[in-house]
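The structures come next, written out as structure tokens.
In what comes next, chain A is part of two complexes: it sits with chain B in the first one and with chain C in the second one.
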Partner chain A sequence: MDNMNFLKKILERSGKLFEKGRPLSWAHPIWEATDTILFSTDKQTDSGPHIRDNMDIKRTMFFVVIALIPCYLFGAYNIGYLNDMATTDVSRSMFGNFIFGMSYVLPILIITFVSGAICELTFSVIRRHEVNEGFLVTCALIPLTLPPLVPLWQVFIGTAFGIIIGKEIFGGVGTNIFNPALTARAFMYFAFPTRMSGEKIWAVLPDGNTGATALAIPANSPKNIASDLFSEASNVAPNYFDFSLWKMCWGLIPGSIGETNKILILLGAIFLVYVGIASWRTMVASVSGLFFTAFLFNILAGFSTNAMLTITPLQHLLIGSFLFGTVFMATEPVTSAHTNKGKWIYGFMIGVLTVIIRSVNPAYPEGVMLAILIMNMFAPLIDYYVVKSNIKMRIARNA
Partner chain B sequence: MFKLKIKNGHNVNIAGNPDKKFLPTRHHSSVSLSPENFRYIKPKLLVKENDSIQLGDPVFFDKLNPDIKWPAIASGKISKIVYGDRRVIKEIIFEVNDDKEKSLQPNSPNGLSSKEGVINYLLEKNMWPFLKQRPFNKVANPSDNPKSIIISLANTAPLAINHHFTLSDQQEYIVSALKHLKELTDGKLFLIVRPGEFTYLSDLEYIDLVEIEGPHPAGNIGVVLNHIQPINNKDIIWTVEGHHLPILGKIFSDGIFDPSITINIAGPCVKKPSYIKTRLGCPVDIYCQDNLTRDDVRIISGNVLTGKEINLDGYTNFYDSSISIIEKSFERSFMGWLHPGGSSKYSIFNAYIGDNKKPYKFTTLQNGSERAFVPIGAWEKVFPMDIYINELARSIVANDVDEMEQLGIYECDEEDVALCSFVCPSKTDVGGIIRKGLDLIYFDG
Partner chain C sequence: MELFSTESKKIVTDPLNVNNPISLQVLGICSALAVTIRVDQAIIMTFAVIFVLCSSNVAISLLKDHIPSRVRIVIMLAIIAGLVSFVDEVLKAYLYDMSKQLSVFVGLIVTNCIIMGRAEAFAIKHGPSKAFLDGLGNGLGYGMMIILVSFFRELFGAGTITLPNGGAGYVLFSIERDVEWLINAGYENIGLLVLSPGAFFILGLVIWVQREIAGLEEEE
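== the complex of A and B ==
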């Protein structure tokens, strides 16, 4: 405990250097962040209620990061597992696979956080606003949406773009329109298409092997039934990836680092809903939208040669990053619709758009990223009309 | 009779709930009346220091509405007038003379059977400040025509007094007060009660009982009005504090101003949280002596959500019915955001392991730094009105008066959104924002 008091005293004393009018006052936000990460603030209630709930933004954001950790662990393992399976002369233990995967995940993660921290701290110093813990969530999300073989310099630029263009130029956390992590992902997808799409980047495989994602399989083979294509693609030499529903649910297939295991994503969703951070309305609405549209397309499939239309609703749910996007990106409170009614519409439309983008334009198989960004854009409009109905009711009463 | 079940809200489980018994009555040598307890008035004094004074005599009036005068809340003399910056009158302190108070003779008033009669009587007796209005939560204007009158006898705030207990022996005066207050409106007289309480009121045909169930802020007049008779743009609703009813009753039936009230002293730092029979503007130190578990406390006149901090040598505010006392804590826990939970944390989110069943010792800690507002739906969990509070707050921050009106600012008051500030992870003072909006409209309009 003495050590603690010593640390506290150091912080208190050094804090004086960062006060107004002192030489380091420009760096006050950085000091405040460090100080309150180490010790909870002793700030007193001065206006409003004299007592306050123990939940704060630090803990809120920390919880989202906790929900993401299983995805990281599994993502790393999956990279090792796929490599192990495709490589004939290598055989590693489970832990060995994990370490192998980590050697790819960790550098991406570190670069993301370095880039994110530089941007966030610079802006908080220039703008004189507190360091918002939200950037930790943004930085924790970005690597999970990336292929394992993404070049690190692209990660650095992408993250910076996401934080600066996605968030800071709109005024920082609370006023941004687009999800910063998705903005980063979208920027990288369109700026570096050769390293963000194709068949060679979704798993770390020996030369000559390809690791197409589940979504790419029906996208590239028209005039077929998606289910048949999945079975055909499964257990084919030299990769032996299994695209059965159950295996896709378990996530031992090529894909972005964090999106493949749906069970862990579901656990994260349950956790976030239980704690009260993420909105179950958005998630349920989004899955309903996906099921509704996929079902509709299944009916229309007979009139078309597009194999994407034959993907069943359940397959749509399990392939690609839809679930990851729905649980961790669509529910982001600032950029989602704010009203409860609005969340139903917002979520439903994300599901609808995901299937439409996936199916109608097979050249661009993953739809959830654009679906969420488009709905981010429409969220204020949805809220506007929801609130408008409340206003109309009030005006009618006044008349 | 209306029955109202409120779903969204939260009963803060704070330690130090008062027992249903009374502390021994103490002698009050001084009491205080502060013009600062009354919003939007410009007080002008009618007395000087050392003036001798009788209960109910006018002490100051409102320059903006000279008909409204404030009564002396004690017989004796004006012992001190405290001024603040630019000679703002902060407090008028009375020295109490018991003999002089006992000499008052009852005289039954007459002419109380019409609206004008009641208004004139209350103005003449200087009792008008007991009537408040919504919107703005200020002293009512006698020339207004209130759409209805609403009184809450179900205080759901944390550590609040139980009116059913404190008013149990005041039936006669309550009925007298209500009968005359009904004269003031052509609309209804609503009384908010809990099920099974104040059953005798259901026999009075001029009263509309509203039975409420559910967590705080179910008993707030703003919340109830939002459900049964929402305040429209030009509506004025009048209200009276439940614990002031006996005072008004005595004025109406006996013609005597008796400033006695029953309030409570409660909170985690009170040794014996209980009820006290005291009077308007009473000093708090006589009730704190030997009754506090520690020295470093914050004393609040009113409840812990909406009350105002006062000093140990201070006095309770005019409209308040409780004294709440919580610890002033400056404790900084190492990596507090990682804390697993247990009995040292309280949250309406499932953010800590362990439950909140045991009464929690709240302190003055804000439990986090202010941050930009992240709408994770916390406010909505505890805000049971048909109002988009998030959008309303945004319109106020943007100073957009039209939109504030459209989103229902007149229906809200600080107390209705106090729980939103309590739960807000960004530590936003939602009540302060609502007040800013109301002020803006009041001074512009």
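== the complex of A and C ==
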């Protein structure tokens, strides 16, 4: 513990330099951030309300990051595994695959954090508020939503856009309307479409090979049964991508870095619900919205030549980033609906919109990003009417 | 009133900065979004608007004692529409390709809120020389903003800077042609900026920076 005392002393002494009127006072937020990340605060309130639990933003954010770590590890392994499968003269161990994948994931992660930290520090220095840890979660989420072959400078610009336009212009953490991580991804999707969609970016493959995601297969196909298309894609050479239900669940398929393994995402969901951060209502509601709409579309499939309509509800659940978005993006406490009834409506509509965008709009094979952003926009409105109807109900009951 | 007094200087410079029609009054946004894809279009549009704004202000100011207040809007519109038709015809005669690119947006200067707004708020109450300066100031304020927006949109969206020279324009600067190493290093144009949401983002950021510099806060 001697080391810790030493560190604390340095921080305390240097802290005086950052006080009001001293030469470095402009950089006080930076000092404050270092101090509170390393040590819990020694400030105590003299009068109530007193906070008994130390469950602050920092702890909340920390739990989310813990839930994301398995996705990172598997994402890196998956990149190596797919490359190994597709390359004939390469054979790596499991660990070798992991290291190979990490060489793609780590640079993206580092660039995201550098960009996010620069934006956050700049704004806290200009606005003289404390550095808020919220950007750490935003930055931890962004790489998981990106394809492994995304250019790094685009990651830098996208993250800056997400933090500034998605969060800071609304006033910072807690006052933003749109999920900053998804804002970043949406910006990159529309700004650099060739780098964020198509068949060449979802896995690191040798030249000449393409790796379409599971969603792109029925999207680019004339009328056929989606299940047949999946098994066909799995059996036709080069057959290293297996789109059977079990493989899609286990996540050894091309896709964004963090979304392919549904089992780890489910574990993350259970963890987040257990520690009380994410709302199970939102998750259950959006899955039921997805099932409902997919089932409806299955019935209507006979009247259309669109193969996307034939995807069964379970396949819809397992392909694409729907589960990842539902668990880690839609449940974000700031941008989701706040009332319990509102969360049901909000979540259900995310599921409905995801299937509609996936199936009906050929330009966007994956719809969960846009679905969540659209519902982010409507969340305050949903809350408003839930509260209104509650007031009306209680007046009627007591009248 | 002297033409070069402090007051008349203020009439011209205020709309450039603290009272900018686009960034502070948020008028004329429709055309600011539509014609800012290329710098040359924005420049031609600026000239058209300055001409219409100055002459409509002067005309309305000269007529102000003869316009019955109940029908003033109709009369203003008639004057403005006449001037706009004139500009439109001139563009068609001498800059046909450019007028085709600007298409309906020259005609739509009629409905540009800035022109009607200045006529109603300023020209109808002031003498012709002041009205002329006001028109000039607001036209320049409008032009400054749309040229700035179009500069960023064209540079980062399409990778070029085009100056007016017939229909195709003169390409002053092109990332592909002039800074090849940047392309080789993996640079790509931000396609989003060419679409209308891109114009909204750029305009929003420009307004943000401009208000920050002017030191203005939104009233609570």
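Methods note: the second predicted complex is superposed on the first by the 385 of 399 C-alpha atoms of A that agree within 3 Å, B and C clash if a C-alpha of one lies under 4 Å from a C-alpha of the other, contacts with A are read in each partner's own complex, and residues count from 1 in each chain.
To be clear about the criterion, contacts are C-beta pairs under 8 Å (C-beta built on N, C-alpha and C of every residue); 3 or more make two chains touch, one makes a residue touch a chain.
Values in this document were obtained by computation on a predicted structure and should not be read as measured data.
Colleague: In the superposed model on chain A, is it clash or fit for chain B and chain C?
Modeller: fit
Colleague: Comparing chain C with chain B, which touches more residues belonging to chain A?
Modeller: So, of the two partners, B touches more residues of chain A.
Colleague: Is A:N390 contacted by the first partner chain B, the second partner chain C, both or neither?
Modeller: first
Colleague: Answer with first, second, both or neither: which of chain B and chain C does A:P193 touch in the superposed model?
Modeller: Second partner only, chain C.
Colleague: Classify the contacts of A:I169 with the two partner chains as first (chain B alone), second (chain C alone), both, or neither.
Modeller: Only chain C is touched by A:I169; chain B is not.
Colleague: Determine, under the contact definition given at the top, whether A:W153 touches first (chain B), second (chain C), both, or neither.
Modeller: second
Colleague: After the superposition on A, what does A:E32 contact: first (chain B), second (chain C), both or neither?
Modeller: A:E32: touches chain B, not chain C.
Colleague: When the two structures are overlaid on chain A, which partner does A:F95 contact: first (chain B), second (chain C), both, or neither?
Modeller: A:F95 contacts neither chain B nor chain C.
Colleague: Please compute the chain B to chain A to chain C angle from C-alpha centroids in the superposed arrangement, rounded to the nearest 10 degrees.
Modeller: So the angle at the centre of chain A is 100 degrees.
Colleague: Once both complexes sit on top of each other, what is the least C-alpha distance from chain B to chain C, rounded to whole angstrom?
Modeller: 11
Colleague: Per the definitions at the top, what is the overlap between the chain A residues touching chain B and those touching chain C?
Modeller: Looking at chain A, the two contact sets are disjoint.
Colleague: Which residues, counting only chain A, touch chain C once they are in their complex?
Modeller: Those in contact with chain C are residues 151, 153-154, 157, 165, 169, 187, 190-195.
Colleague: Which residues, counting only chain A, touch chain B once they are in their complex?
Modeller: Counting only chain A, the residues touching chain B are 4, 8, 32, 36-45, 47-60, 62-63, 129-130, 132-134, 172-175, 274-279, 333-334, 338-340, 383, 386-387, 390-391, 394-395, 397-398.
Colleague: Can you list the chain C residues touching chain A in their complex?
Modeller: By the definition above, chain C touches chain A via 186-188, 190-193, 195, 197, 201, 208.
Colleague: Could you list, by residue number, the parts of chain B that touch chain A in their complex?
Modeller: Residues 12, 14, 158, 230, 232-234, 298, 300, 304-307, 309, 324, 326, 328-339, 345-352, 362-378, 380-381, 386-388, 390-391, 406-408, 418-419, 421-427, 429-432.
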